[in-house]
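What follows is a pair of complexes built around chain A, which joins chain B in one and chain C in the other.
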Partner chain A sequence: MFNMYDFLNNVVIPAIVYSNIYALASIGLTMTYITTKIPSFAHGDLAAVGAYATFYFLYFLFGGIKPGSVYLAMPIAALAGAAVAYLSYIGVFKPMIRRGASVTVLMIASFGLHFLIFGILAILDSIAQTVYGWSTRNYSFSTGEVQIPGLTQSEVTAITSSVVLLLILAALYYLLNRTKFGVVMRASIDNAPLARALGIDVERVYAISWLIIGAVTGIAGIYMGMIFPVTEELGWLRLPLIFVAVIVGGLSSIYGGVIGGYIVGWSMVLGFNYILNPLNLPPEYQLAIPFAIVIATLLLAPQGIAGLIAARRRT
Partner chain B sequence: MIRDVLAKTVALVIALVVVGALAFASPLPKDVRVLLQNIEVYIAIYGIYVISLNLEVGYLGLPQFGKVMFLLIGAIAVGGIATKLVLLIYQNAIFKAMGAYPLAKISDYCMYYQYSVTSLVNQMLAQNPALGLGYFLFGVALAMVLSAGLGVLFAYPAIRLREDYLGILLLVSGEFLRVVTYYATPVACGVNGAVIPDPFAWALGETRTLVYFIATSAFLIATFLVFDAIGNSPFGRALRAIRDSETAAAVFGKDIVKFRIRVLAFASAFAGLAGALLAYYFDYTILGTYLPIYTFIGWTMLILGGLGNNVGAIVGVVVYYIVQTLLDIYKNSLQAVLHADPTYLAYAIFGLAIILVLMYRPQGIVPEKPVKTIDLNKVRERIQRKIK
Partner chain C sequence: MPLLKISELNAGYGKFHVLNGISLEVERGEIAVLLGPNGAGKSTLLNAIAGLATIYSGSIVVDGKDITRSSPSEIQKIGVGYVMQSPNNFGTPNIFPELTVRENLVAASVGVPQDAAEKALEEALGLFPKLKELQNRKAKFLSGGERQMLAISMGLMKRPKLLMLDEPTAGLAPKVASDVFSAIRSIRDMGITILLVEQNARKALEIGDRAFVMVTGRLRYSGPAKELDEEKLGRLIMGQ
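What follows is the complex of A and B.
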């Protein structure tokens, strides 16, 4: 018997929440890739930075996480993520790209950055734990979600995360297509040498894109913290799936990344409910589904969804 | 070429004998010696792992971000297959003692009586060192064969994908394999972890560590000899040519696909060997712990030591363990100063070290040396003869 209520609660709501989280995280990673050509291993840590900035802000201000308060902290998470992303571009990637480092070397550098950010975050929250006595690990932001009578917390999160995702996408669309900076940025992405020849400071454009990357990913960190326990590994543990979303999306367009995020979220939830559960397989196998999808994508159509759409347009 | 490689190998043997003597037969306090013994076994195992990574990364320039997969395969070969073989051999004795065949219902075995069965098997293996050795060698050989096979599988996408895509494919495949094998109980007891019978059950306490030190050192020496000979052969020179410019190497008639297949098969086999040794030494394995972090620890060691140089690979492993051990020793005083677990400090230090090395000393501690093939030496001799 098909039960509409169960279907909504067990499939649609979790799928939307997961999808929005991976879509938000993919926007940043896709932008990292199309601007500076780095599949960054430190990307997940930007989300962890956002989550911890939120935590410290709320605890210093209110001494705890109160309903609705995470939205007050959202600008802080965006600022913290943006600051760390900007510093990592200016401090590490820019000098290395100038010296002509290869993609593999940049990937390893981004991995070193992951270790560094991870270590610093962990030391900071151990200190906060001893000094202030806060439990800085394995907490959840779900109590900080706004409360709407008659709706469960995950239903509210599904709505709010969709609204935030749509707002960010609209803002990015406006920025890229309706402003002068957008024209400059698209020019730098499409053909950096030509943009440089026209007098565009490509490195400045990239630095500003890294600010955007950090801000969006910092916000993604808050939503990750609503369904996953927040630790220093919050973003790092999700990174393989973010890579899956980005690659399935095609690595070339931020909208592709959003579609990739939706494929990851829905495939996990649908696979769990309609493949793993009926076959009595362990629920942990739901991770294997997106991995299988990306392996197939890489072997059969490495250009991803955005690439397929672009190829169809050309013919 | 041979003389050069042999000289380095002899130096390695001497170094291993010296540190071995320091750890096993010196007047140092007992706890210091135990610490040294453990580190030395780890250095030998990780030395094999990083040398094999070096052939892929340092020589061929392959973005091998899925290296941990082959440690996992080693663990499966030992904890999943070789262990079951031993259980099969002793199943009648186990039936007599416990009243059940261990392989009849694998989930019960994993959950309830793994430990008691393994201690029984260990008692019997202690009486039969020859079987123990055979079981050890079987696990190692199986790990190498399976890993080589998996490595060859990855040569196919390696031909088609750009380096960043290939790196991510390898990373994700490692995670895929880990998730799938971890939650499948029949592979290696899944979430319970597999208890592995000790092939050297006759050796107890310090003797056991000594046996493992000798075994792993022997494998390290063999690995170093083989990989350094390969690196300094015309084959190794071709690999560097492919790394520096694929197109140019192809123009000179080098079949890049064949080189990648051989390198992936060979390097993966030795990484599988390292995985098997690790599993035997721990005498326990839990497949869920083979996280991508171990790939990156290998990379950290290699970057610090120096890419494209097998001596550098070993130096990197040693430096990593020295820093790690120093942090461990000063753990308590650091904890008091930092208010945080020094392990996190280790992460930050290694992260910063990787970035600084890549920015200011990309060649690492021991820089890459020019290849010394036979041909080059002969050419030099001829030139010198002519000058005379």
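What follows is the complex of A and C.
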């Protein structure tokens, strides 16, 4: 018999949390693609950077993670993600693009960058363990979530992650549509040669875009750390599904990517509860469902959700 | 002192050499017409002035300032506006298709103080009243003529001293092309010097004060537009 309480706790709440995590992470990856056309394999590492920055900040400040404290660290996670993303663009991608590197070369470079960030995080992790005695591996931020009487931690995370996602989307909407910088940024994405001819410093615009990409993905890292164990692989292990969200979303639209994130989140949770569980299949198969969706998307509507919306507007 | 002075310019793209020893002068307040067959290097010359081509030797001076090694944004600040051909050498249109008409004009006003940008925007919309009606429409939904009007308006947003127009009537119906030529005259009457690359030689020579003819990257004619007709132009192009 249908039980509303079970449905909320086993399906709706986890689906919202997963969806928000993938939606937040897909915003940055979509922006990476629409600005510099890089399918970056180092994107997930920006989330790991955000998570580790949160951990170190809270340990320095409080000696541990206290209820609600992750929100104090959110600006630090955003700053750390932004700094690493900016350096990635300025130090690796921009010089390669200037030399005419192809998308394949940039993609391979992003692999290298992933291992570099991964290695630096591992070294810092090792220092934190030996010097301060902190056990940073497999940590969870769930204890850092705010506590609201009568609500479980998952329910609170579903609310807070939704609020954060909505605030970020509203801020991005305002930036892109209501400010001169937003217009210039969209112009640089739409037609970079013309933007350059008009005197727009397109590379500077892209560099600022990478700051935004890193900041949003750094924040996504905090929410990843509430659900998944914090390790150097925190973002790397989520990257395939972030790519699924971005591809299903249509690659060209931030909002398409967010919808793609929601499709990934809901398909995983619904698939787990209504396909895998009844068939007694192990939860590892959960990943197969979003990938089946991306294959169907590529076969039936390769332009993704953003493309379908654009086509509908044209008719 | 001429507004634009080019001396012994050799330029191209990377290792692809296009322009050979180009020297020319354009006086203030005149319409200078640059004619020649496809592949003559007309667009490359405009790209070189705009800072978008590789310059190997020679010099470009605008309003007494040497801009030979300046960046596109510095050149814009000195007072050079550029309306690229559509599609241009880079294969893109001369507008931002995904932005509205108004946003296209805002993007073209980068570096202009807010008050001056607002004023320039109103002036641009005043020059082409049709654009005012369409200001909230995405540029990709405009007709060919409306797109050219928008592109020219974008070139005016920084109140340039020199406005370079690369084939602004290409692909337009005769009536629309005629409107564009009228607009070019109006822009000259605003005190802006114009360097016009045009395939419609007869109409261009009608409105032009000075003419240049280029063939295979070299200048074959430099003189008053009145002294050049289609027959003489044909002979110059054929190398006679």
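Keep in mind that, in the parts below, the second predicted complex is superposed on the first by the 315 of 315 C-alpha atoms of A that agree within 3 Å, B and C clash if a C-alpha of one lies under 4 Å from a C-alpha of the other, contacts with A are read in each partner's own complex, and residues count from 1 in each chain.
By our rule, contacts are C-beta pairs under 8 Å (C-beta built on N, C-alpha and C of every residue); 3 or more make two chains touch, one makes a residue touch a chain.
Small disclaimer: the values here were computed from a predicted structure and weren't measured.
Room for both chain B and chain C is found when the two structures are superposed via chain A, with no clash between them.
Contacts of A:Ala187 after superposition on the shared chain: chain C is touched, whereas chain B is not.
Once the two complexes are laid over each other on the shared chain, residue contacts for A:Pro95 go to chain B alone; chain C is not touched. In the superposed pair of complexes, A:Asn138 makes contact with neither chain B nor chain C. Once the two complexes are laid over each other on the shared chain, residue contacts for A:Asn280 go to neither chain B nor chain C. Shared-chain residue A:Asn3: touches no atom of chain B or chain C. In the superposition on chain A, contact of A:Thr130 is made with chain B only, not with chain C. After superposing the two complexes on chain A, the shortest C-alpha to C-alpha distance between chain B and chain C comes to 16 Å. Chain C contributes residues 50, 52, 72-73, 75-77, 82, 84, 88-90, 92-99, 103-104, 106-108, 110-111, 154, 158 to its touches with chain A in the complex. Within the complex formed with chain C, the chain A residues making contact are 180, 183-184, 186-187, 190-201.
Only residues 57, 61, 63, 65, 157, 160-165, 167-169, 171-173, 175-176, 179-180, 182-183, 292, 296, 299-300, 303, 338-341, 344-355, 358-359, 362 of chain B touch chain A when the two sit together in their complex. Residues of chain A that touch chain B in their complex: 37, 39, 41, 92, 95-96, 101-105, 107-109, 111-120, 122-123, 126-127, 129-131, 232, 240, 243-244, 247, 282, 284-285, 287-288, 291-292, 294-295, 298-299, 302.
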